[in-house]
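Both complexes below contain subunit A, partnered by subunit B and then by subunit C.
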Partner chain A sequence: MNQFTALTQQDERGICCIDLAGYLDAHTATELESIMSAAITNGCRRIVVNFADLEYISSAGLGVFMVFIESIRSDGGDIKLAAMKPKVFTVFDLLGFPVLFEIYPTVEEAKQAFPSLEA
Partner chain B sequence: MTFNASHSGTINVPATTDHLHEIREFLRERIRAAGFSEFEENGIVLAVDEACSNLIRHAYHNDPTQSVEVSLAIESDAVTVRICDTATPFDPSSAEVPDMPTYLQERRNGGLGILIMRRVMDMIDYVPCGPTSNRNMLVLTKRRTA
Partner chain C sequence: MTSTFLSPTDQQKRTLTTIFVITGIVLLVARMVVVTFWAVYGGHTLTDTFMVEVLLTVASDLILVCVIGVVFLTYTKRTGKEVSYEVLAGALTTYAISALALLLLGALLPSDVVEGVPTNITTVVTSHILALGTFIVSIGLAGFLAWFMQMRRHERTGRYLILLMIILFGVWLLSALGSVASVFSGLSITLVVIGSIVMLMSIKRLNWLATLTMDKKIRLLWLTTCAAFAAGLLASWHAFNGDAFVTQSAAMFVRSGAILPGAINLFGFVFFARLFFAVLASLPNSGIVDRRSSEVESLAHLTRMMAETADVDTLLSSVTQFALQVCRAHGAWCELYDDDGSIRVVASKNVHADYVRVLHRDRALHRMFMDNARPALIDSLPDILGADATLPIRSVITVPLIREHRRTGTLVMFSTIEYGFEADDLRLLTAFGDTISIALDQTRLMEMAIEKERLQKEFDVARRIQSSLLPISAPDIPSLGLAAITIPAEEIGGDYYDYVRFANGRPGVIIADVSGKGIPAALYMATLKGVVLAEMRSSNGPADLLRRVNAALMGSMEKQTYITMTAVDYDVATMTMRMARAGHTPLLLRSGSTIRTYTPKGIAIGLVAPATFDRVTEEIEFPVESHDIIMLTTDGVNERRDAALGEIGIEPVCEMLANIGTTTASTVITKTLELLHMHGNGTDQHDDITIVSMVVNGVAETTVDDERIRPIYGVLS
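And then the complex of A and B:
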C-alpha cells in the first residue's frame, strides 16, 4: 500500500511545486522531509506545496514545513501552501499555523504570490 | 441509531509507525458507522494518531517486538478510546504543552501531539501501570456535539 507520494516539478519561473497525495503522518513525514531537502539542495527557494490530493495530515507532517521555513526565508524564498481540503486546513488552523504560512486556495494563486524575478 | 458491538472493538498493532494507518482505518469505519459527524471523526482519529505516534516514537522507539493496543467504545453521546502500552509511564494529561504564538515565532518543531489531543478531545485520563496492571492506559473521550 502506497500511503503517500510527493512529486516535485519546477516551472519556467523557477518555482518548485511539490504535489502531495495520500496520508502524511509520523511514518510518511520522513519521506516528505527527504524530498523537500533534495529540492532545497538543488537550489529551490521558491516552493509551492500542492495539497489537493492530500487526504490526511498529523502534526508530524506540519513539522516538516517548520524544519525548512526559517532557512528558506533567510535565503529570500518561501514555502507557500495551496489547495488544501477543509479537513487538512482544519489541522493547520487548530494550531495557528496560518499565522506563519501563506495558504492559498489554488496552486496558481500561490505561484502568483511570489514576486517576479525580472528586474 | 442503535449502538452495537460492531461500533466498538480493539486493534493491536506492532509499535512501528507504518501501522498507524491501520489504527486510523479501524477507528474511522466504526465512528462513521455510529453516525458521528465527519468533523468529530477527523478530530478523534487525529488525536489518537498523535497519541500512538508519540508512544511508538518516543516510548517504544519503533520497536516491532512491542505493541500498541487501541480499544474503541462508542456510546450514544460519546466516543471513548483506550490506548494501552507497557512502556515507561508518561502522562500526557499533565505534560507541559507549548505556547503556540511563541512556538511559531521561534520556529520550533515537534511536541504538538499532546496539544492536539487536548484541543480535540473533551477528556484525557491516564492510568499508569501499578500493582493491579502491568499496562499503562490513556483514555481519550470525545462527546458528541450534534
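And then the complex of A and C:
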C-alpha cells in the first residue's frame, strides 16, 4: 500500500507547495483536509498542490479542493494544481475540474502563474 | 409383613405410632392400677409373688417396646434429612430441656417409697411418670445417637452400632445378675466403660462443624454444655444415687432397669463432650471461615448481579450497595471520570457531595484516586488531610474501575473510624474490582451489540427505501432492450439510475454517482431523484436536464460533495441518441465490432454556478443501429480493484463488448459483473457499482431478482 503523505513548504514568495504522494481516497482525504486547513490558518493564500507522486485519487479526494477554493479566491488567493500523472489528470478532466482549477504540467509553472506581489 | 414393618409408608408409620402410643398408655394405666391394689392396698412387696412380678415385668417391657417403636419410627422418618446445625441444635435443646425437667421433677415430686414399695397412690403415679420419662429420654437419646452415627457414618459405623447394642444388652444382663454375685456388677460397670470408649471411637466426621459461623458455634457450645450436664447428672444418679426418686422409679419399673438409662446417658455424655471439644477446637478459625464463606457468597452474588444487569449505572449502584454491606463500611460512592476530566458520582450511599469534593481537593489523594491501578487502603485520613472535624471520613478504600483497559472510575468506600478496614477487606475488594471491570466491559459490549443491531435495522430500512427509489420496470421504449443493476459497496450507496421522459416525449435514461459513500451519499441520491422527477418533464433534452439539476442543487450541497451524471435520450423514429455528461464516466457504444466512447464536455453537478456549468456542458448526438449496445456505468466498474489495488480499467469491458456479438441487455450486465468478479477475486467492493445497458432492437427478457444484487431488467419489443 502506498502510504498517503502530504508535506507543506513555503517559499520566499509566500507560495505554499503541498507535495502529495500515495493514495488519496475517502480515508486519507480528511488528512489532506486538515493539512490544507492548517496551511490556510497559517496565512497561506497562494497554494500549489504538487501531484507528482500521487498514484490515485478518488471522488472524495477531489472534494477536498472544493472545500477551500471559494474562500481562498474571495481572499485574492488561489489553489493551482501541478504535475499530475496522466491517470490522475484523466479523473480531473472527466469531472470537468479544468474548468474550475488551473492545472499546470510542472510545479514551477504553477508558481510562476501567481502574479508577483509587487505588481 | 417384615418388609412392610422395616420400610413402612408414612401413612403406616402414623398408624403404627398411634397404636404404640395408645397401647403404651393403656398398659401404663393398667400397670399403675395393679401396683396400686397390690402394693398400696395389699401391702405386698412387688417381688414376693412370682406371678405378679412376671405380670408387671411383661407390662413394663411392652411399654418399653412401645417407646422404642415410637422412637424408631420417628428417626426412620428422618433418614432423608442431612445432619445440619438446625437439626443438631434442635435435638440438643430437646434433650437438655427434657432431661433437666425430669431431674427437676424427680427432686420436687413427693416420694414415699419404703423398701422398694410405693406406699400411696400419688407415689405410684409420680414414680410411673418419672420412670416413663426416664426411659423416653434415654431411648430417645439412644435413637438420636444411632441416627446421628448413621448419617455421619464411616466404614466401621455399622459394626460399632451392633457392638454398642450388644454391650447395652450385656450391661442389662450382668446388672440383673448383680443381685446373685457382686462380680457381675463389676463386670457390668466394666462393660459400660468399654461402651463409652466404643462410642467415643465411633463419633467421626465432625469437620463440617468448622464451616459453621461463629455465632452458631457459640450457641452449639452452650447447648452441648447443657446437654452434657444433664446427661452426666442422669448417668451418675443412675449409677451412684440409688436413693434418688428418679432412680427408684426406674428400678421399680424395670428390675435392674436403672443401669440402662444410666449407660445410655453416659454414652450421651461422651457424645456431647466430644461434640463440645470439636466445636471448641474449630472456634479459632471461625473468623476466617466466616469471611471466606461470605467472600464466596459475595462474589457469587456479584456474578449473578452482573449477569442480570445490562445498564452500567444500575450495575454500579447495586455494586456500591453490596460492597458497603460486605466491608461494613459506613458509606460508599462510585465516581466516573469523563473524557473532559470531570468527575461524575453515579452511585452514592450515605455520602454528602462535599466528601467527594474535599477528597479530590487534595492533590495526592486526587492522583491516587485517578491513577491507582490496584485497590488501595488509607487507614487514617486525618494523617493526610489533617484533622478536619467537619469531614466524618476517617479511613478509605479505593477500588479502580477499568473499562476497555482504561481507568474509567473508582469505587470509594469509607469508614467513620480510623483503621476501620482490614487488609482482608482490601483483598476481597481486589477480587471485586476485577469482577466489576469485567462486568463493565460486558455491559459495554452489550450496549454496542444493541446499538449495532439498531443501526443494522435502520440500514435495512434505508436499503429498502433506497431500492424503492430505483425504477422497478423499464418504460415502454419501442425497439430498445433495457437492463440495469446497482450494487452498493455498503448497505446503501450514492449511485442512481432512472428512466425518464423528456418534455418532447422522448424516453431517456440517466445515471448518476454522488461523491462519497454511505448515508450522506444516499441522502443526496434521494434528493437527486426528486430534482430529476421535478425537472425532466420541462427539460427538452439531456443537456437541459443536467443544467436544471445543477441549478436546483448548486448551493444546497456541501462544498466537497458533487454529483456526476449522464443523461441520454432516444429518438425511436430516427434511431438517434442525444447525450450530455456532467463529469460522469464516458458512454460506451458497441456498433458492429467497434467500440466508441463518448465524452462530451461537462463538469460535475454542484461544483460551479449555472453560468459556468451551462456554458461548459455540451450535448452530442449520434446514430444507433440494430444490435448496437449502449452502456452506461459508474466509476465503481472501471475502478474495481484486485487485492493489489490494481484497477480493472475500462479496457476489459470494451473487449468483452466487442466480442459479445448479438445479445441481450441483461447478458451484457451479467458478463460485465463476471469480469468484475474475476478481477476482484474476493476482495471487498470499495465503491458502488451501477450498470445500465441498452440493446437496440433487443429481444424480450425475463425479470430476475437476486437478493444481494438487485438487477432490474426492462423488456421491450
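Just so we're on the same page, the second predicted complex is superposed on the first by the 116 of 119 C-alpha atoms of A that agree within 3 Å, B and C clash if a C-alpha of one lies under 4 Å from a C-alpha of the other, contacts with A are read in each partner's own complex, and residues count from 1 in each chain.
Heads up, the rule we're going with is that a residue touches a chain if its C-beta (ideal position, glycine included) is under 8 Å from a C-beta of that chain, and two chains touch if they have at least 3 such contacts.
From a predicted model like this one, the values you see are computed outputs, not experimental measurements.
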Task = Look at where subunit B and subunit C land on subunit A after superposing the complexes, then choose clash or fit.
result = clash
Inquiry  = If we overlay the two complexes on their shared chain A, which of subunit B and subunit C does A:Val67 touch? Say first, second, both or neither.
reply    = both
Request  = Examine A:Glu102 and indicate which partner it touches, taking first as subunit B and second as subunit C; both and neither are also allowed.
outcome  = neither
Request  = Name the contact category of A:His27: first (subunit B only), second (subunit C only), both, or neither.
outcome  = first
Ask   = Between subunit B (first) and subunit C (second), which, if any, makes contact with A:Ser59: first, second, both or neither?
value = both
Task = Go through the superposed model and pick first if A:Leu94 touches only subunit B, second if only subunit C, both, or neither.
result = both
Clash with subunit B, by subunit C stretch, listed 168-176, 420-428 or 672-680 = 672-680
Ask   = Where on subunit A do the contacts from subunit B and from subunit C line up?
value = 1, 23, 26, 56, 58-60, 62-63, 66-67, 70, 94-97, 99-100
Ask   = Which residues of subunit C touch subunit A in their complex?
value = 513, 515-517, 559-562, 564, 582-586, 599, 601-604, 607-608, 612, 616, 635, 639, 645, 687
Key: Footprint of subunit C on subunit A - complex, ascending   = 1, 23, 26, 29, 33, 56, 58-60, 62-64, 66-67, 70, 94-97, 99-100
Ask   = Mind pulling up the subunit B residues that touch subunit A in the complex?
value = 17-18, 20-21, 24, 38-39, 42, 46, 49-50, 53, 56-57, 100-101, 104, 107-110, 112-113, 115-116, 119-120
Ask   = Quick one: in the complex, what on subunit A touches subunit B?
value = 1, 3, 23, 25-27, 56, 58-60, 62-63, 66-67, 69-70, 87, 90-91, 94-97, 99-100
